[in-house]
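Shared between the two complexes below is subunit A, which has subunit B as its partner in the first and subunit C in the second.
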Partner chain A sequence: MMTQANVVIIGGGISGASIAYHLAEAGVKDIVVLEKHYMTYGATGRCGAGVRQQWGTRMNCLLAKKSVAFFEKAQEILAYDGDIEFKQEGYLIVASDEAEAKTFAAHVALQNSLGIPARVCTKEEARAIVPHLNTDAIHSATFCPTDGHLNPFTMTDAFFKAAKRLGVHYYDHTAVTDIRRQNGQIEGVMTQHGFIKTNTVVNAAGGWAKDIGAMVGLDIPVYSRNHEILVTEPVEKMQGPMVISFSKNIYCQQTPHGAFIMGRGDKDAPKGLDMGSSWQFLEAMAKTVSDLLPPVGELRVIRQWGGLYNMSPDHQPIISASRDVPGFYIACGFSGHGFMLAPMTGLLIREMILGQTPSMPLEALSLERFEGQEIEELETSVV
Partner chain B sequence: MDNMNPKEIVICRCSDVTLADLFALFEQGYRTFEELKRIKRVGMGPCQANTCGKMVQWEIAKYFDIPLEEALFHNLRPFTLGIKLKHIKEGSDT
Partner chain C sequence: MKHVEVLIIGAGPAGLSAADVLLEAGAEVALIDRSDRPGGQLTKQTHMFFGSQEHYASKRGIEILHVLYDKIKDHPRLHMFSETTVAGLYPDRVVACVSGQRYFTIQADIIIVATGASEKSLPFENNDLPGVYAAGAVQTLMNVYGVKPGDKVLMVGSGNIGLIVAYQLMQAGVKVPVLVEAAKTISGYHVHASKIRRLGVDIRMRTSIKRALGTDHVEGAQIWQLDARWQGIAGTEETIEVDTICLAVGLSPLTELLQQLGAEVIYINELGGHVPRLNEKFETTVEGVYACGDVAGIEEASSAMIAGKIAGLEAALKQGYALEDAQARQAALHTSLKTLRSGPHGEKIRKGHARLGART
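This part shows the complex of A and B:
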């Protein structure tokens, strides 16, 4: 293992992968990525991998829009030998009632003002897009045709393979156990396989990011919570877009492989690091999907699992340098949408580390924004 | 089996993965069941590795020369295999 590095990135998920790639691509040498288990062990390998630009805050809209622009060309940019399976057939967000429809209309206006091609749809228009949608269960919908989803494993693999070609050193089954400091400066990272000397550390540890922050004495205001998800047997293509509802608590998509993937949150799930599976989820999921998309209820479940959402107080990510610990950078708190934002995560962290002009204003992403502040802009469009 | 062409030995029937595919993945550095699953859908089919799991484990052990019990299998989860969503719904309604 390397004993010295310019940058050590902690976490082998999509964030760590994108950060490693973006730094290496800018010419940084001796980059090390450390992963406790294996690539995509965390939320990345457990997620829905949906990519949408239909958000309720300006920051999330912009991050997602710029990330989609990257995904559209990612296969070529990263010269990947596999298939990232980017399917760009939109997201249909259904509103259950008048009040929700009103909120969505305001969101669409915001999205349009930022150049995102979303639109409000009547029930009938929604059914033309997803023919098996039960329109009795909805009020109306919004649709953005350039939203979509990817294969989370191959997308992460694509970043890592490109990063490795550029010289990045990736070690899996290597847990970080401590970060050493002297006079406030980072000296290096202790792992289960030895010490790596470095002045720059990036915390991309997803649901475990708070523990990594604690290693340098930072209390990052995030918590983790299990989110469950299931997959069905593969069938002939019947659904193009992701169908999602915040009030009904469901997202459901068909992958190019043919299987349906669907999930929902549970506000009462305890905070913590549990990633278990439950019958309660299965039952609630079965009811919700059978009501909203009846033919999908005919499909057989083949597997269910759980993964961690890492929640920030305003449901927007923390992509930030630390003011108090020089050389310590943070990319966490993605609140259930860090997969789709990963290209921007990588770019912004690179710009911070190299002192480049940021591609967008960073205040709304900073760790310090929560200090003694009322939440200014809360993202409510989350399942 | 050793004298057969690995391209013709199908290891995972559900996801159509041959022994040659496995060897190619091993060479690229993927060495755990979880990684193979993620990259090539090995063991992710309707049978959920009931058919191929043991064979994959065996091939990992052989290729990397490690004891079989170190070639870790994936997590076993609640037995939802093959139940229709609507039947789960109906079951919970009664």
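This part shows the complex of A and C:
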């Protein structure tokens, strides 16, 4: 293993992969990525991999829009030999009642002002997009045709393969156990396989990011919570877009090989690092999907699993340099949508580390934004 | 939700034996199996068992099944669920069941997982052609349903299952011209191998299947010799005319439910794949959930029955039932298990368990 590095990135998920690639692509040498288990062990390998630009806050809209622009060309940019399976067949967000519809109309106005081609649809228009949608269960919908979904495994692999070609060193089954500092400066990272000397550390540890923060004495204001998800048997293609409802608590897409993937949140699930499965989820999910997308309810469930949402107080990510610990960078708190933002996560962290002009204003993503503040803008478009 | 004291998943020799002990102790037992009849692998075993007298040697598997099942089937505290698949196992000891179009959940104080094993396949060209079977499936077709799988079979694998199924095929009038084995030596009992050799089966060592031939069903098989590194040797290909290919290449424990539950499993090659970590009471790393039989390591019906009894006994004690001579019985059961695993044929199992125990 390397004993010295310019940058050590902790976490082998989509964030760590994108950060490693973006840094290497800018010419940074001796980059090390450390992963406690294996690539995509965390939320990345467990997620729905949906990509949408229909958000309720300006920041999330912009991050997502710029990330979509990257995904559209990712196959070529990363010269990937596999298939990232980016399917842009849209997101259909259904509103259950008048009040939700009103909020969505305001969101669409915001999205349109930022150049995102979303639109409000009537029930009938929604059914034209997803013919098996139960329109009795909805009020109206919004649709953005350039939203879509990816394969989380091949997308992460694409970043890592490109990063490795550029010389990035990747070590899996290598847990970080401590970060050493002297006079406030980072000296290096202790792992289960030895010490790596470095002055720059990126915390891309997903659901475990708070523990990594604690290693340098930072209390990152995030918590983790289990989110469950399932996959069905594959069937002939019948659904192009992701169908999602915040009030009904469901998202549901059909993958290119035909299986449906669907999930929902449980606000009563205890905070913590449990990633188990429950029968309560299975039953609630089956009822919800049978109501909204009746034919999908007929399918057999193949597998169910759980993964961690890492929640920030305002449901927007923390992509930040630490003011108090020089050389410590943070990319966490994605609140359930860090997969789709990964291209921007990588770019912004690179700009911070290299002192480049940021592509976006960074205050709204900073760790310090939460200090002594009321939460300003709370993203509500989250399942 | 329905509640039972003890729920056993799988009514093979392990599950049936566990149920017997628990019923004797006084517990209420739900026994669930996805098949339409109890017995697990035993339902198709028309051959005389190998093993010691004490463990039903020279009885047929199907007869052993009747001995085990007849003893408990009318017990008032037994709730038998057949044609019911356990589709989920959760940490609050709830199982999700599917029976036909019906879905229901049951909660239990104790759960015993005795799901057995599933057959392994082999990667080769055209291995999804109709006519490519696993050996257990061939045995089920013939011995349970009375259906002949084909007229001429290539057998792949010389473990006891491959040898016994080859013999049974010939008894049913099916030709078995060739048996191929990748290893240097026969892996099953030599008495079984000699028996089929005498009947004319050409047993080829260091040989494997390269591809299945045919377009919509098997019309032949191409076999080839293997080098010391288990790679096929180009130029040694030979075409055999058969209409059926039977794969007897081992079993792997059905631990999916245990993995979903979050019980620790470890990959141990000698035991067939991922197996649960158990304490000496056959309890998994999740309290109140036990595992026994092939699911805890591929072995034999004889050991599955003993393991089932041990798990059943421990579960009964945990539930607070006072069993006469419990300690003496446990000691005796552990001794018989040890005896079964002694000798040259138990070597692999002993090695597997040693490796499992050494893993921290």
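One rule holds in what follows: the second predicted complex is superposed on the first by the 383 of 383 C-alpha atoms of A that agree within 3 Å, B and C clash if a C-alpha of one lies under 4 Å from a C-alpha of the other, contacts with A are read in each partner's own complex, and residues count from 1 in each chain.
Just so it is clear, contacts are C-beta pairs under 8 Å (C-beta built on N, C-alpha and C of every residue); 3 or more make two chains touch, one makes a residue touch a chain.
None of the values given here were measured: they were computed from a predicted structure.
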Subunit B and subunit C placed together on subunit A: clash or fit? clash
Which of subunit B and subunit C A:Trp279 touches, first, second, both or neither: both
With both complexes overlaid on chain A, does A:Gln304 touch subunit B (first), subunit C (second), both or neither? both
Fill in: Partner chain(s) touched by A:Gly56 [first = subunit B, second = subunit C, both, neither]
neither
- Query: Thinking of the overlay built on chain A, is A:Gly13 touched by subunit B (first), by subunit C (second), by both, or by neither?
  - Reply: neither
Of the two partners subunit B and subunit C, more of subunit A gets touched by chain B
So, does A:Pro317 touch the first partner subunit B, the second partner subunit C, both, or neither?
neither
**Prompt:** Which of the two partners, first being subunit B and second being subunit C, lies in contact with A:Gly148: first, second, both, or neither?
**Reply:** neither
Should A:Tyr38 be classified as contacting the first partner (subunit B), the second (subunit C), both, or neither? first
In subunit A, both subunit B and subunit C touch residues 277-279, 282, 301, 304
As the complex stands, subunit A meets subunit C at residues 276-279, 282, 301, 304
Touching subunit A in the complex, subunit B uses residues 32, 34-35, 38-39, 41, 44-46, 48, 75, 77-78, 80-86, 88-89, 91-92
The residues of subunit A that touch subunit B in their complex are 38-41, 45, 82, 153-154, 157, 230, 232-234, 257, 277-279, 282-283, 285-287, 289-290, 296-305
In the complex, the residues of subunit C that touch subunit A are 87-88, 90-91, 94, 96, 105, 260, 262
